[in-house]
Amino acid sequence: GTGNVTPTPTATPTEAATTPLPTTTATPAETQTLLIATTTSLYDTGLLDALKADFEKKYNAKVDIISAGTGKALGYGENGDVDVMMVHDRTREDAFLAAGYGLDRRVFAYNFFIVVGPANDPAGIKNMTPEKAFTTIREKGLADPATVKFVSRGDDSGTHSKEKAIWKSAGFNYSKDIQKSGDWYIEAGTGMGATLVMADEKQAYTLSDIGTYLASKDKISLVPLVEEGDVLLNVYSVMRINPAKHPGVNVTIAKEWTNYLISPETQKTIAEFGVDKYGEPLFYPAAGNWEKIGVNQSEVEEPVA
Amino acid sequence: MGFIIDGILEAVHLIVTLDPDVMEITALSLAVSLTATVIATLIAVPFGAAIQFNDFPGKKVLIQVIQTLYSLPTVIVGLLLFLLLTRHGPLGFLGILFTPQAMILAQMILILPIMTGLTITALSGVDATIRDTILSLGATRLQFLRHVVREARFAILGAVALGFGRAISEVGAAILIGGNIYGRTRVLTTAISLNTSQWNIGSSIALGIILLGIALVVNTVVTIYQQR
Amino acid sequence: MIELRHVAKNFGEKVVLTDVNATIRDGEIFAIIGPSGSGKSTLLRLINLLDTPSGGEILLDGAAIHAERVSALAFRRRMAMVFQKPAAFNESVYDNIAIGLRMRHVPEAEIREKITAALEVIGLSGYEMRKAKTLSGGEMQRVAIARAVVTDPVVLLLDEPTANLDPVATEAIEDLVVRINREMNQTVVLSTHDMLQGQRLAHRIGVLMDGVFAQIGTPREVFAMPKNRHVARFVGIENIIEGTVRENRDGVAAIAAGGVTIAAVTPLAPGTKVCACIKPEDITIHLADGTGISARNVLSGRVTGVKAYGPLNHLTIDCGIPFTALITWKSAEDLGIRVGKAVKISFKASAVHVVEE
Amino acid sequence: MGFIIDGILEAVHLIVTLDPDVMEITALSLAVSLTATVIATLIAVPFGAAIQFNDFPGKKVLIQVIQTLYSLPTVIVGLLLFLLLTRHGPLGFLGILFTPQAMILAQMILILPIMTGLTITALSGVDATIRDTILSLGATRLQFLRHVVREARFAILGAVALGFGRAISEVGAAILIGGNIYGRTRVLTTAISLNTSQWNIGSSIALGIILLGIALVVNTVVTIYQQR
Amino acid sequence: MIELRHVAKNFGEKVVLTDVNATIRDGEIFAIIGPSGSGKSTLLRLINLLDTPSGGEILLDGAAIHAERVSALAFRRRMAMVFQKPAAFNESVYDNIAIGLRMRHVPEAEIREKITAALEVIGLSGYEMRKAKTLSGGEMQRVAIARAVVTDPVVLLLDEPTANLDPVATEAIEDLVVRINREMNQTVVLSTHDMLQGQRLAHRIGVLMDGVFAQIGTPREVFAMPKNRHVARFVGIENIIEGTVRENRDGVAAIAAGGVTIAAVTPLAPGTKVCACIKPEDITIHLADGTGISARNVLSGRVTGVKAYGPLNHLTIDCGIPFTALITWKSAEDLGIRVGKAVKISFKASAVHVVEE
């Protein structure tokens, strides 16, 4: 933990009341606070906590992180209650930028979603393409919902968006062919961890981000069945809140955070993160991989001015 | 504040159009929480009376513990129950995880301490002379209970109202044990929670208004019954 | 039959009853009198099984009611109690009276009948639908009596049943008690602080003092022949004179007391320290020049106080030692009694009740 | 069931090692919820008394509404307060979103109806003759309140215990308004919630045990105070 | 001075007081008597501002206490009330008595002093630390009196203050009331159902009946000269004889009543329908062959009942119309009174109190 700045309500009521969200007008000597809203799956990997300590030391800053579902995180951003957003849902990010709420999106990492399921793989999808696997699960699930099931996040999160994208790419109309199509398709409406647990309980398939899966691997019996496929790409980006919309958001340090993330040293840290714990990295650095991710180079490597 | 107005408008809209999804989750909320409250009442009132009207060593400690359980977080209740009901858990054979039955169980467990504690408080407010009078008139144990509860009915119904309120408004256990499965275990609070995580504030508020609406109806019915 | 055997009760440090013994016979009206705080209510509560004795036992028709493995309910259903501070259920008067009957599953038609009759007797007809909580003190007391009586108990326990009632209402309740006692042969145990009520109603009276029955006897015995000076004082005998028996001839003793000598019928031997109790109403007042008084004891004195006392006048007379006497207003008027007046008082030797100190 | 034992062991470990993170969030939980409870008590008791001891049109309806608010979901409280406190909200200028102050506010609002309602119930249990006696002895308004509350102290402290329990165990508002920021607004329930979402069941249970532990301490202190 | 002007009170449908008028003077002991449920407690509560009259007004030293925009507190602090059913705070006896004083911010040392003195007077010294809830009925009543008295009120309101007390404790309380009334000139308004208490304590008595004061007067006036037959009946005059004035010579009327003629002192003209009230203690009993009776009224009859009545015997005698008489036990013994005995009764014309029907 950081432990150096830990305001308790009794100890620093006035400070918190008068300078709740430090602004750019603060003198450089003063410790600034950066407020980040992040999607849960990213936060839960622990990557941000690992980066935060280093950043705080280097920039004489304090980083506060709020983790929430993608929708809620974007909501906080829209209202200008945070300085920086870190999410993984490009469609909605685009809308967010287009609406002028966000600026300076930078992609800093990526990894892949995986399809997990029971070890005995009742639908037999192992090593299929994601689209094929989904189609098979649907077919077998419709035929025998007792043995083949799919649990969906069902919460409009980034992961859920990705799931919908896969259905679409497999040629289905999500709301018509999938939702409410039978007992095989279970819309959980909860977080990733809970969804994995539910899938495990029901011996069902589900789509998961790699980080959450690895974190809960030893507590559940599900195994990864589909790990390859472009459509499974999971891109994490960072953007700062537009001060024109919300005067008062912390601009300087938000930029510094963005640049810190895409800096070569940090990219290296990202590449190595999780290896010691899981034996494999949780993220791939975005640097140098802009083509693979399918974005402009500037969005990956150009520091924010 | 626009959201609040949006929420009210949406609530009105959902109600007048009898939106089937909303009807369903409202009905489930009501069914689950009412059942949990009724069962909890049937346990808590005799249990509370047994504690209040008997002297035994450890009585004070027991009351203390019951009051402490007021602070039991719903997530913890959900977790513990999950560990019991999971496939590999001691009660896994029941196969009721992620069903309304399990949610009833969770809510019931959650509100039992509150209802028992408030029953004790309510009954302790009944005058000793009333208690003596009931006994003296030749009451059996059950008749004693009935009459003393009747005398404390205002406070006991307050406890029931509170238990119901806590049950229908809790979300932690409902989501863990029920799973917030669309069309099956989604209740008002889990739906609100979902909507909020999706930042559909208007819908959240609309569902909140509906939740308060049914709470109002339940309370009114109980109050009318009480005044009969 | 209720037998009290060595009944003791204490609340923590506070010792209330130490050794209460009595046998209350079937069909008897037994009154418990005694100073405030002497344990009258406590004793009634023990009989009604609302509390447990610290010692001794209470038998109802031979069965120890507080024995372990005995159901309190069966005993309680044979009794009914009216509490000193009657509690009103938060219901109508009708429902308040009906409770005991409903507990016994009496058909509602019969309940209605009984309640109508009971309300008539206690003078509260038409009060059926009133909320019992809003009744006046006396009204509630009467409702509580009705509530107990309608269950037709074998034993009726009444704790100061008319404490809040005016004389007219008191008479109605007393009549009711006497009637159910006579007609249904109910045993009635009542506590009262109204000496006259004890006298009027009771077959026997127990005087509860210092944790024991200081005396049990007929009203006559208790009021005319108290066992000791405390009982004497409590039952309203105001002339209690300490003295020593000087001589005793054929059962008529001469008692020397503070300068005067009193003749009294008693077998006690000379030298015995005694109290001579003389009821104020047994003292006759004569004008100082009256002659030919037949009573053994004639003392001269001076009136020092005149107080109204209902239909009587209450006089204090200083005869060297103070005496009090009760005479009718008419006599007082006839004799021209007023403070300072010189009078003679007389009382028979047989009117002096002598107790050993 | 292994999780429960794990949880207990972890709780013991966290406590005996005085784990600084745990100490910090425990202290914050306690501070926030105690403050919220104290403020809510100071408002609810006089407010409840004002309702109970005055006759006014709409009194019954008001009590009904208060009882209905027992069912107010914490998420809704959180949302509404968020809409007030967000940067452009009516109270945005306070800048207290994502601070403990805002959490105190949220919890206080959440428990106000419960505490007011239970205060009314508690005071309605005080005998009319006691009330008359207090007045008759020449009580000012404040003295009347003090004495009548004193007579109902058992039930009122029950209400306080319940309010505190509800405050310290709620998570919906705490997470929305506080943001569960590590080192700043993370309290026991939001930490439990986070751990649960990460399926760290042992840690969740450990934190739950700690939460119940401090609730027990608080209740015991209150009870001892009450019995003085 | 407390003025009651056309005070009315109803609870919903139930009309309790219709038109109560009285002036209670400073330093007076005023007793309210009346049947159970007549509104005694209600009236005291109105004076103590615990309830609001439905009509009329109550003035304390000229100020209407129920007027709007008047602080109840200032008035209440000048009074103290003891309730019919005294409530105990869930605290010690000491704290119970201290409450009123603490409200007035009296220093604790003074409070301690006052409470010690008060407990002494009410006979409960040493009870300081007892939990008030566990007191006996009479003990609590005394504590409530102490609680009221220690605040030194200008007006003391006592609702049946000795209802639960034995005669000895009653005397102590009555002495206390008389003393504070004399020494501190406190005005005392008390309700009681104990006629003797009214007589003993009160300077004036108000008889509350059917929503009004049927009569206000000195004890003598109320008990000897009741205004109507209801009052007469209530104050215990058992001989109430309906009749018609036949003739009237110099203020001595002959009243024909059911076969007998009664001579009575009254100015009422012939033809007036009247009630003749004769107090039982004013009737003298003679043996049937007794001669030379000086009283105007002499009737022959036969004893139909003999009942104990405290120090007296209560006789019913049938003389064509029934009469009751009170005589001392001694006289009864001397005269050999028993049921069936033929006797003559006599009473003076002046002992007959005549009220118009």
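Chains here go by letter, A, B, C, D and E, matching the order in which they are written, and residues are numbered from 1 within each.
We take it that a residue touches a chain if its C-beta (ideal position, glycine included) is under 8 Å from a C-beta of that chain, and two chains touch if they have at least 3 such contacts.
Computed from a predicted structure; not experimentally measured.
Trainee: Which is the least count of steps on a path of touching chains running from chain A to chain D?
Mentor: Tracing touching chains, the least step count from chain A to chain D comes to 1.
Trainee: Highest contact-pair count belongs to which two chains?
Mentor: B-D
Trainee: On a C-alpha centroid basis, what's the spacing between chain C and chain D, in Å?
Mentor: 58
Trainee: What is the distance, in whole Å, between the centres of chain B and chain D, each centre taken as the mean of its C-alpha atoms?
Mentor: It comes to 18 Å between the two C-alpha centres.
Trainee: Do you know which chain B residues sit against two or more other chains?
Mentor: Residues 127, 176, 196, 201 of chain B each touch two or more of the other chains.
Trainee: Of all residues in chain C, which are in touch with two or more distinct other chains?
Mentor: Expected reply: 85.
Trainee: Can you list every residue of chain A that touches 2 or more other chains, as numbers and ranges?
Mentor: Residues 194 of chain A touch two or more partner chains.
Trainee: Check the chains against each other and report every pair that touches.
Mentor: The set of touching chain pairs is A-B, A-D, B-C, B-D, C-E, D-E.
Trainee: In the complex of these two chains, what residues of chain D are touching chain E?
Mentor: On the chain D side, the touching residues are 127, 129-130, 132-140, 143, 147, 150-151.
Trainee: So in the complex, which bits of chain B are touching chain D?
Mentor: That would be residues 1, 3-4, 60, 64-65, 67-76, 78-80, 83, 89-90, 114, 117-118, 121-122, 124-125, 127, 152, 154-155, 158, 161-162, 164-166, 168-169, 171-172, 176, 188-189, 192-193, 196, 201, 204-205, 208, 211-212, 215-216, 219-220, 223 of chain B.
Trainee: Using the touch definition from the top, list the residues of chain E that touch chain C in their complex.
Mentor: My answer: residues 11, 14, 33-37, 41-42, 84-85, 130, 134-139, 142, 159-160, 163-170, 193, 195-196, 199-200, 219, 233-234, 236, 279-282, 284, 307-312, 326, 328-330.
Trainee: In the complex of these two chains, what residues of chain E are touching chain D?
Mentor: 45, 48-50, 72-73, 76-77, 79-81, 83, 85-87, 89-90, 99-100, 103-104, 147-148, 151
Trainee: How about chain D: which of its residues touch chain A in the complex?
Mentor: Residue positions touching the partner: 20-21, 24, 27-28, 31-32, 35, 86-88, 94-101, 104, 179-184, 194, 196-199, 201.
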